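In order of appearance the chains are A, B and C, and numbering begins at 1 in each one.
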Amino acid sequence: MLIVLLVALFGPCFTVQNPYNLSAISLSDAYKPPFWVEGGELPFVLGTDQQGRDILSAIVYGSRVSLVIGFLGVIFAGGIGVALGLIAGYFGGKTDALIMRLADVQLSFPTMLIALLLMSFFEQGVSNILIALAVVGWVRYARTVRGEVLVVKKKEYVEATKVIGLPNRQTLVKHVLPNVLTSIIVLSTIQIGNFILTEATLSFLGLGVPITRPSLGMLCSNGFKVLYSGLWWVSIFPGLYIMLIVFGINLLGDFLRDEFNPRLK
Amino acid sequence: MLLEVRNLKTFFHTFRGTVRAVDDVSFTIAKGEILGIVGESGCGKSVTGFSIMGLIEEPGKVAGGEILFDGRRLLDLSDNQMNEIRGKEISMIFQDPMTSLNPVYTIGEQIEEMLTLHSSLSPRERRKRCVELLRSVGIPNPEGRLNDYPHHFSGGMRQRVIIAIALAAEPKLIVADEPTTALDVTIQAQILKLMKALVRERNCSMMLITHDLAVVSEMADRIIVMYCGQIVEEGRARDVIENPSHPYTQGLIGSIPKLNEDKSRLETIHGIVPNMFELPEGCNFSPRCRFCREICFGVKPDFRLANTEGHLIRCHSACGVSEGGNEV
Amino acid sequence: MSLLEVTDLVQSFDLTRGFLAKLRFRGGRLVREERVVHAVNGVSFRVERGKVLSLVGESGCGKSTTAKTIIRLIDPKSGRIFYDGIDITRFSPLEMRPFRKKMQMIFQDPFASLNPRQKVVDILQEPMIFHKLATPTEVREKALSLLNRVGLRTEQADRYPHQFSGGQRQRIGIARALAVEPEFIVADEPVSALDVSIQAQILNLLMDLKDEFRFSCLFIAHDLSVVKHISDDVGVMYLGKIVEKGSKKDVFAHPAHPYTKALFASVPSISAGKMMSSKGIEGEIPSAIDLPNGCVFHDRCPSRKPVCHEEPPVEREVEVGHFVACHNV
């Protein structure tokens, strides 16, 4: 995971070309295979695509877009979802009913459908993708958090804060939230992966990020068009990299969960 | 002797080290006898019960010793042979009446299951026997209640049903693990009386595991007091209660608030039960003991006779034993 | 004047929230049916200054609900709660805040009553800081001395609750309640989850602290022998009602209500088979959803009369300050 982050942050310093800079690309380099395959040549380690872009460089730049979308998506969706979940679970009653019915309605549509719908309204762009992800992603947070809050709020230590006289807001932030944090973290690591995949799917379908800033999904999509012509490397390497990222994030999640648990220290 | 346990050792191997949950425990239960095993949480009393039943699960393991039941070595039996004995010859009553019945079967089905497994009665006889059993444990209108599910019963009634199931195959030994801890006092009194009457009537034996000294003193013929996986005192019920010889037993009895006594302060045992990973080098009780001497910190005491016959304690100091105690 | 006075407190919980849940098929017809648990049905008592009143009863008798209602964790259905002469029955959380400094609670389950993600010292500091009872510089010191007072070492202050045993946690819970130096403490079965030897330590500690901090206490328990030990006055509860109340001496010496007598007879004692030979009582506590008519105890009562089925008994004073609700007395 650390490697993935480092690559995303510092990778651009080492790549042979900037895939956004059209002047650096030469069409004569198009469709070069990886260097270990016949016909391949350095410095294009993983080959090039139809416009002569170096795949490795594209992956490095693409992963930055993907990661930003994944993390920001989780922060937005998580922020909304956790807040609503806390409120719904803690106060109960009509507020709870309202929020949870809203969530139910949204859950009855496939995630992809909603995302597609939203993206077809908006223009392509990173910020719009984030809005779409937040809209589809908050429900899982809200439901998970609400369930946990229902358990935690019956604990005597929460009653104790009421006996002390703490206002609800303080009880929620200081006593309830830390005790549901574990499941939020676990969920978040799954969600980052999910969001990167969702974004990849959207881009793959042509509704994601603009073509000028290719994300990993976009790269896959580009390569897909020529996959059957034997030019496998254009699509496969970005795909593998998505897999690596998602795997790494899940490992990170396990680590964080243990780290945040005072019982294991 | 119906049951003879010799030097039983049950250890739990965990990441943090080995817990000697039951460490060198020996005792016997005669036919028709009620043996009470008392101790506080974590003293190994339940693990002893589970070891006899052959129900120790990973990471626990019976590491040594012998369990002789009716002449058979239980530890040498295979799982299948053990299944024959469990339920039929030794049955168990668990602590929580709310979870030890299966909620998706009627109580009639659950008693019948026991009878089908361990007897050769015809279906009609089985039905009759179920009704008899329920009646004997004091459930009103037993015919009508056979087809009820556990959630139709209150805690006390469920415990009666569990006792009925335990008695179904006419076992020779009943292991009761905290059978009344989850119940209210008035119900506890009912259940205890019922259990004692049934045991006496059927002449079976009982091993009563509990944390409540008062309960064992009302029920048991003999009492074993456990502390940190070892027996610290053993003897006839009256001897142990009226003449407690081990400082731990004395402390336990002193810390029970008594209805018929007026005292402003309770006697206490200071400190807390030691961590099972870091037991003291000498006597396990030494850090909390009032009579502790030098030898207690260094040498584990032997199990030896106190004043009266059949009354044993594991202590260097008690009853004016000469300085130095028994060297190991 | 009594420190706390409660009159005719009623508390009930509706099991069927929402209209649809109330609909039920009965005999082929759809009927509207309410299922309400009547947890507390008209309870009145007083806690005198500096005294300990114990409410004792079996599970489901409403003693814990009474405690939680008095400390205003749940709103009462009806009845009045006076604290120091002030009617706090309908106070909002904001209005209650000054009283939170005066009334505190000790909880039953030491494993659930401490926030697992808070250090012990923070648990103790929080109430002091919130009520501005200590300046930021001295608050830690105060917390540490409190920790010391309840028998824990100061170097344990920066540990998390899971590193303590049940008894030690209960000490922390007591220290938290004492952090605001309250005048009144509700102790909801503070020792019932503990081993006997630890239970004795905690009871002794509570009694010492009571003398030192001079608080009054409402003590909830199911164990008569514990009650005998700690209280000045006793109330015996059954199915949401106080059936007998009076000074500890009177109630223990001459229990008058048949239920109180049965409770005494059912307690196992280590001094030789009293319980086994006593009669005890038959049957179990009826459901609090459909309360029995007349006296709540009539179907288990060994000395019931026809009137017991029809009329609920009124409280009568059998000795000075000793009240019993029974037709037979």
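The definition used in the following text is that a residue touches a chain if its C-beta (ideal position, glycine included) is under 8 Å from a C-beta of that chain, and two chains touch if they have at least 3 such contacts.
Owing to the predicted nature of the structure, the values given are computational and were not obtained by experimental measurement.
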| item | value |
| --- | --- |
| Relative to chain A, chain with the most remote C-alpha centre | B |
| Central subunit by CA centre of mass proxy | C |
| Distance between the centres, which are taken as Cα means, of chain C and chain A, whole angstrom | 51 |
| For chain B paired with chain C, centre-to-centre distance based on mean C-alpha positions, whole Å | 32 |
| Centroid distance [mean C-alpha coordinates] between chain B and chain A, Å | 55 |
| Sites on chain A at which at least two other chains make contact | none |
| List of chain C residues in touch with chain A within their complex | 68, 71, 73, 93, 96-97, 100-101, 103-105, 107-109, 112-118, 126-127, 130-131, 160, 162, 173, 176, 180 |
| For the chain C and chain B complex, residues of the former touching the latter | 58-59, 165, 167-168, 195-201, 203-204, 207, 222-226, 228-229, 252, 262-273, 275-276, 278, 280-282, 284-285 |
| Residue ranges of chain B touching chain C (in the complex, touch as defined) | 40-41, 154, 156-157, 184-190, 192-193, 196, 211-215, 217-219, 238, 241, 251-260, 263-270, 272-273 |
| Of chain A, residues touching chain C in the complex | 155-157, 159-168, 170, 174-175, 178-179, 181, 262-263, 265 |
